[in-house]
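In order of appearance the chains are A, B, C, D and E, and numbering begins at 1 in each one.
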Amino acid sequence: MTRARLASLLLLAALLAAWEAACRTLGLPKLVLPPPSAVATSLWQGLASGYFWPHLQATMLELLLGVAGGCAVGFGAGIALAESAPLRRLLMPYVVASQVVPKLALAPLFVLWFGFGMTSTVVITALICFFPLLENTLTALQQVPPERLELFRMLGATRAQTLWRLKLPSGLPGILAGLRVAVVLALVGAVVGEFIGASRGLGALVIASQGTMDTSLMFAVLVLIAALGMSVYQATLLLERWLLLPFTRNS
Amino acid sequence: QNTPPRLDRIVVAGWNKPITEVTPLLVDEDKGFYRAQGIALEYVPGAGSADAIRNILAGQADVAFSDPLTFFAALDKGEKLRAIYDIYPQNVFNVVSLKGSNITRPADLKGKKIGVYSLASGTRQGLQVLLHSAGLSESDVTVVVTGLLNFAPLMQGQVDATAATDTGLLIGRRRGLPEVNVIEVGQVLPMSSDLFVVREDVYQAKRAALQRFLRGYADAAAWMMAKPEEAAQLAVKRAIDGTDPALNLEIIKLRNASSVSALTRRNGLGALDVASLQAAADTYRRLGLVQKPLDVGKVVSQDLLPGRRGEPG
Amino acid sequence: MRAVCAGAAAVSLLSLRDVRFAFPGWPATVAGVDLDVAAGAFHCLVGRSGCGKTTLLKLAAGLLRPDSGEVVFRGRGRDAIGPDIGFVFQAPNLLEWQRVIDNVLLPVSLHHRPRPEEAAQALQLLEQLGLAAHARKYPRQLSGGQQSRVALARALILQPSLLLLDEPFAALDAITREELQRDLLQMCRARGTGVLFVTHDIAEAVYLADRVDVVESGRIVQEIAIELPARTAQTRYSPAFAQRCAEVRAALHLEAVEA
Amino acid sequence: MTRARLASLLLLAALLAAWEAACRTLGLPKLVLPPPSAVATSLWQGLASGYFWPHLQATMLELLLGVAGGCAVGFGAGIALAESAPLRRLLMPYVVASQVVPKLALAPLFVLWFGFGMTSTVVITALICFFPLLENTLTALQQVPPERLELFRMLGATRAQTLWRLKLPSGLPGILAGLRVAVVLALVGAVVGEFIGASRGLGALVIASQGTMDTSLMFAVLVLIAALGMSVYQATLLLERWLLLPFTRNS
Amino acid sequence: MRAVCAGAAAVSLLSLRDVRFAFPGWPATVAGVDLDVAAGAFHCLVGRSGCGKTTLLKLAAGLLRPDSGEVVFRGRGRDAIGPDIGFVFQAPNLLEWQRVIDNVLLPVSLHHRPRPEEAAQALQLLEQLGLAAHARKYPRQLSGGQQSRVALARALILQPSLLLLDEPFAALDAITREELQRDLLQMCRARGTGVLFVTHDIAEAVYLADRVDVVESGRIVQEIAIELPARTAQTRYSPAFAQRCAEVRAALHLEAVEA
């Protein structure tokens, strides 16, 4: 554990050093690729001056709401579609359509429908992140060993009981893989949603820094985004480890 | 047949897709303005002038199609760049509001909700200039990002005004925008909208080719002014958004209008107005958009310009 | 005890009438079976591996729907499967994410959160099956025979009126097996439970059953009534017992195996 | 099957009718929401005049290459990370970072590294679509029943054999759920990639149509994108049905 | 036959020396076992459910690593598990996405694409196990006993020199079982295969084994040599056989079960 973390940090340091060296020796313009030192300075300044905080806060709130909404919908829809084949055939095309249509293109319309501010970003986030959870829930629920299903029929379990007591627990690992993808996509969704329709949030900051050609500021914001992403991912891993305890516990 | 002469490759980095507005850069295959000058022209797209500048800095292109502020901002960051041609000497930015809202002067914008394309767009800078002229700043208004369909929220009443460009307004009108008030940024800050910008070392190394490129561009621009209908037809084929020739024609007419000024009528297309650019640079510094003082005279070069010779008879 | 119930068709718990079933695309697996299990009756099914015993049991349970014929449980058609039948599958079929005790309490917990007395009952059942020390383990931590005993406990917890048991003791050692045979028999006698019990162990069949049904190619080819006095420790060594065993062996053509 | 399709079509018709009616009665300007009839006209014109074809072609090619590349990487990385816990701890943070950082912001760098034209779009596509496949492969490979692993150890199977003959087949359903998400995301990736660095492709067309505020054209392009998405999704479903035959076949 | 090998320690195929094993966090499951299986020897392990037979078998196979003591197979430590051991797990453990024939050929196909003669050999093995008609089915389409026979065929296909069998016949009917006992014994005799065979069926143990090891709480508490003349159809009915059975029953405390 600590060794892996050490290795990871060493790798990070090596990558950063290589990047810094590349910037210096190749003489790449800062505007194209700022050296890590410049990015670090921007990052530190942004954090110390408090410039980043409101944006970080906004993005985190959107992320939270979006993940909650998207996962609720994805999980619910996954269950509904797994339980009903006709529903699946009926709705799946719309689900797919909702996914392939780029939200970035629809963002201006979202703004018209949901107004400026948080709502449209949250909607975009939810819309982006519900799909992997839906697909994985759908698949996991259909993979229950048939003899377990027979057992539950034999016990006179209702459909809801079979779902909650059998299908969901036994599909949990697959569902959680979907959740991991979902939270990661959700952050992308929140940031992209902020590209349009928001004047706050890390996404807005990225665009603003692009406008002023402040590339090191932009990279600093990207670093923040990555850090945020890794923390929610880690949190998901912890949740997963806890939820899967009954599958792994040995004492 | 004669073997064709060896052509010099010039790559232009645009701020957008190959759209009707930049028809002079897209019609070489049909009209041969650049081939005639021994230039093989390529156009690479971008999403904003910052992309164009970045692309020349990264060596992906030779010439950037950039607005002055982006050019200044890059200089401010210490890059060695040079402007060699004034594409649109006229300021094309404006702020548009519905007739009934009685926003006619920059001062009327106080406390209003105003849309911009994006936080990185020229529309926002135009708005800032206007606000500055009325002693206001962005904090006195609510800026919201609308995306490219910026007139829709205006029509729906979700914003009080929206910052746009002349072509944007034209298109908006065609798409059903009712009577509007227009505050032109050019009234406050008459200045160029777009320049051809090159890296200093490219400027030194490719002088001859750049000169021929500019001649080709000036010829193309002059042709577009002389034959707007033909240009509108060709845009159907060459521009990604040129499906409607009638609209093309109107856009082309607007761009033709913004391509000339008193100065270009005197010195030929592309002539750079150092004084107005200096004024713009000073304004932007006061706005805090660039940090260091800038001597525009040192970063513009008129010596590659075709001069009056380039104008068709 | 059996004499009390034997004659009356009214007390027939489960009856199969000319039941036929084929897996789609395959020849018939169950090819016309008539079978009656009265309350308190103990039937054993014996027959060669693959002859259709499990399929028959699943038809009786309503897990499979017959292609023709009918299955009646307590006078009702077998559409609604309820908790009044205890079923032990051939494989243990436990929920791997639940502890042994929770697996046993599963049928209860589908109705309501198990009450303390029910948990105590489950523990007592586990105790009886020799698993008291393993109640808080997960199924993956049990031996094969322990798992099959948990499955048995799960089938017994609701005290159903009909038990359908598919080789429940196959993975058990002789001593545990004989103890459980004794306990099961006592319990079913006491509660008047009807049992349909699949086994490959002839002595087990004879010890447990009132009647042994010999299955061959999806048909019941012989029904052997076992009339023995109430089972005691001595039963297994009585000549009558040996004779019944020989009868069943004969019905299974068992003496024909050459060296 | 035909009934479900009929129901789906009916639902589509109903939705379109409602949309058309809403546009007419509310008197919404086309700019805000074009009626389906206008969208249909644009779609037809674009198809008939051949205007859409080169763009469609470009996007399809990018999609194909991106999916191929992304899935190869996602699958390969999923296997590598599933097989090696240290590698997982070492690299997973980078994988997550690569996902949460918005490609839209990095696109200029891609252009710098991969030049203009198709390559950067393909790289973006691959980068976006490899993650769900990676996560699902990772999870599926770790879910093999331990007694099967014992069997393969007993048979003296090499690590590669255990992977190819045991883990992959038994994890196939989960892996394919990841593939379904991946192909859908890939199309989004291709289109978003085209937003920035391309003068061809459906994404470029979306931006262009937004520039001329031709919302019906934009919607027509979105319809094309949705149709393309649904076809690749359907193709994936067919592939899946074929690959899972051994799990479902009954004769 | 056994006399030939008995004395020489050199021909000991498998030997366990004071092997101990505990699942982490639990008391010892195998608590000091010494065991030798010579080439051609047939050992049966009997013992109560949960006494540690499966764990012992897995230790012998190298699937579990002993906490102390050592396991030696053909003179080498048990780190490299190879195809020279045939293992039948307590549950069938088949690959559900492969047909029966491919499951049987799995050990072969891990080395090379099965040759026609190997496929023929697999089919013949299936034939012998009464499964010829099921070769192209998937495991989910088989009955429990059929699945366990497929697992047996898979263990036999490579003709290993050591067989570790964990209740391979538990799910089989008496007739199939007796046939397979006979065939297995013949085969192992002919090939000089060493066998370690777990069973709960005392008659089976006595019929098959040269020696029956009685396991109790993770220890071999008694080793009963079975000296019977070469097995024939009559063996099971001989008084000597019955006496050996009684001996094993006694070792298992089986007579103690009261009614």
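Following the convention adopted for this analysis, a residue touches a chain if its C-beta (ideal position, glycine included) is under 8 Å from a C-beta of that chain, and two chains touch if they have at least 3 such contacts.
Since this is a predicted model, take the numbers as computed values, not measurements.
Common neighbours of chain B and chain D under the contact definition above: A.
By number of C-beta pairs in contact, chains A-D lead all other pairings. Note on chain placement: the centre of chain A and the centre of chain D lie 16 Å apart, centres being C-alpha means. Mean C-alpha position of chain C lies 28 Å from that of chain E.
Per-chain Cα centroids separate chain A from chain E by 52 Å.
Chain A and chain B have Cα centroids lying 38 Å from one another. Of all residues in chain C, those touching 2 or more other chains are 23, 91, 141, listed in ascending order.
The multi-chain contact residues of chain A, meaning those touching 2 or more other chains, are 32, 108-109, 112, 195, 210, 250.
Contact of a single residue of chain B with at least two other chains is seen at positions 54, 58, 147-149, 152, 156.
Contacting chain pairs in the structure are A-B, A-C, A-D, A-E, B-D, C-D, C-E, D-E. Considering their complex, residues 1, 3-5, 7-8, 11, 32-33, 86, 89-90, 93, 96-97, 99-102, 104-106, 108-109, 112, 131-132, 135-136, 138-140, 143, 173-174, 176-178, 180-181, 184-185, 187-188, 191-192, 195, 203, 206, 210, 218, 222, 225-226, 228-230, 233 of chain A touch chain D.
Listing the residues of chain C that touch chain D in their complex gives 23-26, 140. Interface of chain B with chain D (complex): residues 16-19, 43-47, 51, 54-55, 58, 60, 147-149, 151-152, 155-156, 171-172, 175-177, 240-241, 243-244, 247.
Residue ranges on chain B touching chain A, taken from their complex, read 48, 50, 53-54, 57-58, 70, 73-74, 77-79, 118-121, 124, 142-149, 152-153, 156, 158, 289. Put simply, chain A touches chain C in their complex at residues 147-148, 150-151, 153-157, 161, 165-166, 169-170, 172, 246-247, 249-250.
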